[in-house]
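Starting off with a structure, shown below.
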Amino acid sequence: MANEVWLLAEAHSGELTAATKELISKAQELAAALGGQPAALVLSSNAAQVAETLLSYGLPKVYSVENPALEHYTTDAFVGAAAALIRQHQPCVLLTGASLQMRDFTAALAADVDAGLGSDCTGVAVRDGHIVAMRPSHGANVINTLGFNSDLVIISLRRQVAPEAQPAGGSGEVIRGQFPQVAQRMRVVKVEDKSNAVNLADSQIIVSGGRGLGSAENYEKLVPTLAQAFNGAYGASRAIVDAGWVPYERQVGQTGKTVSPKLYVACGISGAIQHLAGMRNSGTIVAINKDPDAPIFKVATYGLVGDVNELLPALTEAVEQKTRS
Amino acid sequence: MDFTANYDMFLTEEHEMLRQTVRQFAEREVQPFIRDWDREGAKDESDMAHVRPVLKRMGELGLLGICIPERYGGAGMDYLSLAIVCEELERIDTFLRVVISVHTGLNSLAIFQWGSDEQKQKYLVPQAQGVKLAGYCLTEPNAGTDVAGMQSTARREGDYYILNGEKTWISLADVADHFLVVAYTDRSKERRGMTAFIVERTFEGVETHAIHGKLGVRAGNTGSVVFNNVRVPVANRLGEEGEGFKIAMSALDNGRYTVAAGATGLIQAALEASIRYAKERETFGQPIAQHQLVKRMVSHMVRKLDTSRLLVYRAGWMKNQGRRNSRETTLAKWHATVSSFEAADDAIQVHGAYGFSDEYPVERMLRNARGAVIYEGTRELQELLQADFAFGFRENNLLRRELPAYDPAEWSE
Amino acid sequence: MHAVVFIKQVPQQNSVKITPDKQIDASGIEPIISLFDEYAIEEALLQVEKNGGKVTVVTIGGEEQIDALRKALAMGADQAILVNDPALRNIGSLGAAKVGAAVVRKLGDVDVVFCGKQSTDDETAVFGPAVARYLDMPVLSYVYKVHELDPGAKRVVVDRAMETTTETVEATLPAVLTTVKDLNQPRYPSLLKIKKAQKADIPRWTAADLGLNTAELAPKVTYLDRVPPPPRPKGSMIDGGSAQEKARKLVDVLVNAQVI
């Protein structure tokens, strides 16, 4: 068994994603601690190009499979290709991002190659020569430290767990794998960008609104405007998603999206446990609420007591002024 | 904690699943909107647009025929299920429970108890299915507790009775399709001269209008029903001529039961809101839940909740057995309604000034609870009844037709 | 068609305690069907109403899970199975998926398997894709719309809700579908079915009934520690006379802290 720490690299229009750059740093760190080597795995319809980019980050090895079937993600094609390479080269760790595709991929892959799996982790490290991973569960009310007793450990990692790697030049080798015979049972018919969709998980600043806004009209009028002033994205509490004010894709919270932006502004959100689960790991939390006893203030870095319908326009104005000056 | 746990001497898993279902419905489809509906309902020009869709959903879910046998279009559950539906509905808002009280408790169960098979087919089946809505017309502008003081009359003319009079404080007045109406057919016989009728809204001469400016239950429709020479077919007479008073009183045994159960739900809502708030709100460096006088208010709510619930379930158990339960039902109604008003009052106190605003639900609970201390038998009437039962001046007398005992097998046929 | 739905009962709120021996203690918290599984049940019922057939709901766990199964029956599922074997406790998501695959194999004639995208307690999102892999079926995860599910033509077309895109994907049946919120509107239990569900006979299956070698189900993940999240540092309140003043102060503070 090779002491190799792999990362699954993802690229958009030839550019490595920010998540991938974090994974490169993390793989390098883990490999050093384990006395092994980092390596990237790229599965793509233009893998050769991505592999070259990866080498420029100083990785000694890039495993690559190129095939038209890998243009769009399907579980069958990606897991089939990855499993074949893993069986052949036997890495000890595989890191991936924690996007929905990657969580689908890691689950099926772990089943296929009989690996230990840490899903949606917030940290991974080497302790006494062994991999340990941190993952929250129960709506971020429990932080689990996972240990593994398998030959291969697969970890899907959330963002902001390592610095993004920088290109360092390199002379590593690309190892090309064959695209294996896999049953073509799935086909991506089309991929559509959601209108106005923002990836809340990737946003640095998020403004969210809740029931305290009083109506869907107030939400529409005030929350996106403030988010725009901050150059951020906007979300919502479950209460107003359930009330039909805002579509589900904007819901922050345990049954919606889990986010950890640099700045989270909660407007008229009381702070139910289900909401806190989705945002309590944000860097700075601003809470704006009429009720000074609202639980949201318990997690807030800065609190403003008052009517959101007055404070939000004032805040939008103040932010715009600051940006202009 | 779960305040509905440990009632296994009365309740089954079936009741528990029913409770979860009704709770989910009320929390999902009413709670998010109830403050707005309550505000809106206070306006004179309000069209109460929310009422019919909610009633339609309650009908679809089978709540309106909860304790009516399946062969009459109901869910075929027992009388304790009726109490659970009322508890869970009034835990969110009183107007929901009022629907069950008049449609199911006062009207449908009266038809189930006293109606002919034709009447059950024609009126009970669509009511139990929730296709038609039903109200109950007893109170008049000049006759509340003093039922014998009513002025409505029904004069026999061939195959019809000619009904005249005005009924007021009628829940669902503008919405109900069928009314159970009590009027004098022979005033000289006083109580024994009253007769009950099933009147359809579409009968010529029926007019209704809403009452505005209510203290509570603003999300619900209440109004007056006027009968102007309404021709009611003899086939629509419920029971015999002269049985109207007994029918009205037996209906109240069912209505009061639902009011008592609902009040229990309101106490629970007041208690839950108080617990939530007292754990969050801090004064003098600690949550107010740590202050002794707040603890006292909460502990009194717990006492009122459990005693009310036990009294309600005892009455429900007796109904299931087919036993007369006027004494037990009026005691439950008296205790639970008075307790619910006190619990809502204390809940406001726990919330401090916030409790005085409709940001929190407790002021609505107080306004809603007040009515039930008056309607379907005032607090004072219930007190007198209990003394009369205790002295032996009054007994649970048998009726010509009793409310049928619950039969799980037969009711599911 | 035969649709199988895997469901799990979870605590309604996640305010669980951690015991001294690092187990999760959810006592005193109302148990419910995991949110996303309700959408799975509803979708199975809708598809079977359209195509004819039956819905089987399955849970792996102890006797306390029976309430979730009865609720699914009261919603309209035709039969329920509880896989209850002490040897199958704490086997992790992958172990549970192996058991799930064995259940589907034993049932035999399954056209489609539904489950929620993840449970709301462990939140691993592993079960669906893994059970598909063990069964050698395609998996369509994060389904938020089913365009077509035709057991005759053995074809399913769905929309998957990804972070910033919607993917329309077709696959062959049998397949595993994992469901997201708002895929449909889960129905309430019917009062008539509540009564029947209480009397329904729910078979208990063991590892032996499924022909499973429990040694092969040993988890590859161990819990070294479990702790509550660290408390956030105490915040400060921004005061001011007017809304404008408070807003200006907040922006200054955020700028000074280099947050914006």
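The chains carry the letters A, B and C, assigned in the order they are written, with residues numbered from 1 in each.
In the analysis below, a residue touches a chain if its C-beta (ideal position, glycine included) is under 8 Å from a C-beta of that chain, and two chains touch if they have at least 3 such contacts.
Predicted, not measured: the structure shown is a model, and the values here were computed from it.
Peer 1: Applying the document's contact definition, name the chain pair with more C-beta pairs in contact, A-B or A-C.
Peer 2: A-C
Peer 1: Taking each chain's centre as the average of its Cα atoms, which chain lies closest to the overall Cα centroid?
Peer 2: Per-chain C-alpha centroids ranked by distance to the global centroid put C first.
Peer 1: Determine the centre-to-centre distance between subunit B and subunit C, using the mean Cα coordinates as centres, and give it in whole Å.
Peer 2: Roughly 39 Å, centre to centre.
Peer 1: Provide the C-alpha centroid distance between subunit A and subunit B, rounded to the nearest whole angstrom.
Peer 2: One centre to the other, that is 53 Å.
Peer 1: Could you grab the centroid distance between subunit A and subunit C? Build each centroid from C-alpha atoms only and quote it in angstrom.
Peer 2: 21
Peer 1: Provide the residue numbers of subunit A that touch subunit B in the complex, in ascending order.
Peer 2: It comes out as residues 239, 242-243, 290-291, 293-295.
Peer 1: Would you tell me which residues of subunit A are touching subunit C in their complex?
Peer 2: For subunit A paired with subunit C, touching residues are 72, 74-76, 79, 99-101, 103-108, 110-112, 114-120, 132, 136-150, 185-194, 197-199, 201-202, 205, 230, 248-249, 251, 254-256, 262-263, 273-274, 277, 280-281, 283-287, 292, 297-307, 310-311, 313-315, 317-319, 321-322.
Peer 1: Under the stated contact criterion, what part of subunit B meets subunit C in this complex?
Peer 2: For subunit B paired with subunit C, touching residues are 1-2, 12-14, 16-18, 20-21, 24-25, 61-63, 66, 70, 75-77, 408, 412.
Peer 1: Name, in rising order, each residue of subunit C that touches subunit B in their complex.
Peer 2: Per the stated touch rule, the residues are 28, 30, 67, 70-71, 74, 188-192, 194-195, 197-198.
Peer 1: Enumerate the contact residues on subunit C facing subunit A in the complex.
Peer 2: 11, 13-16, 18, 24, 35-36, 93-94, 97, 120-130, 132-134, 137-142, 157, 161-172, 175, 181-182, 220-229, 232-233, 235-238, 242-244, 246-248, 250-251, 253-255, 257, 259-260
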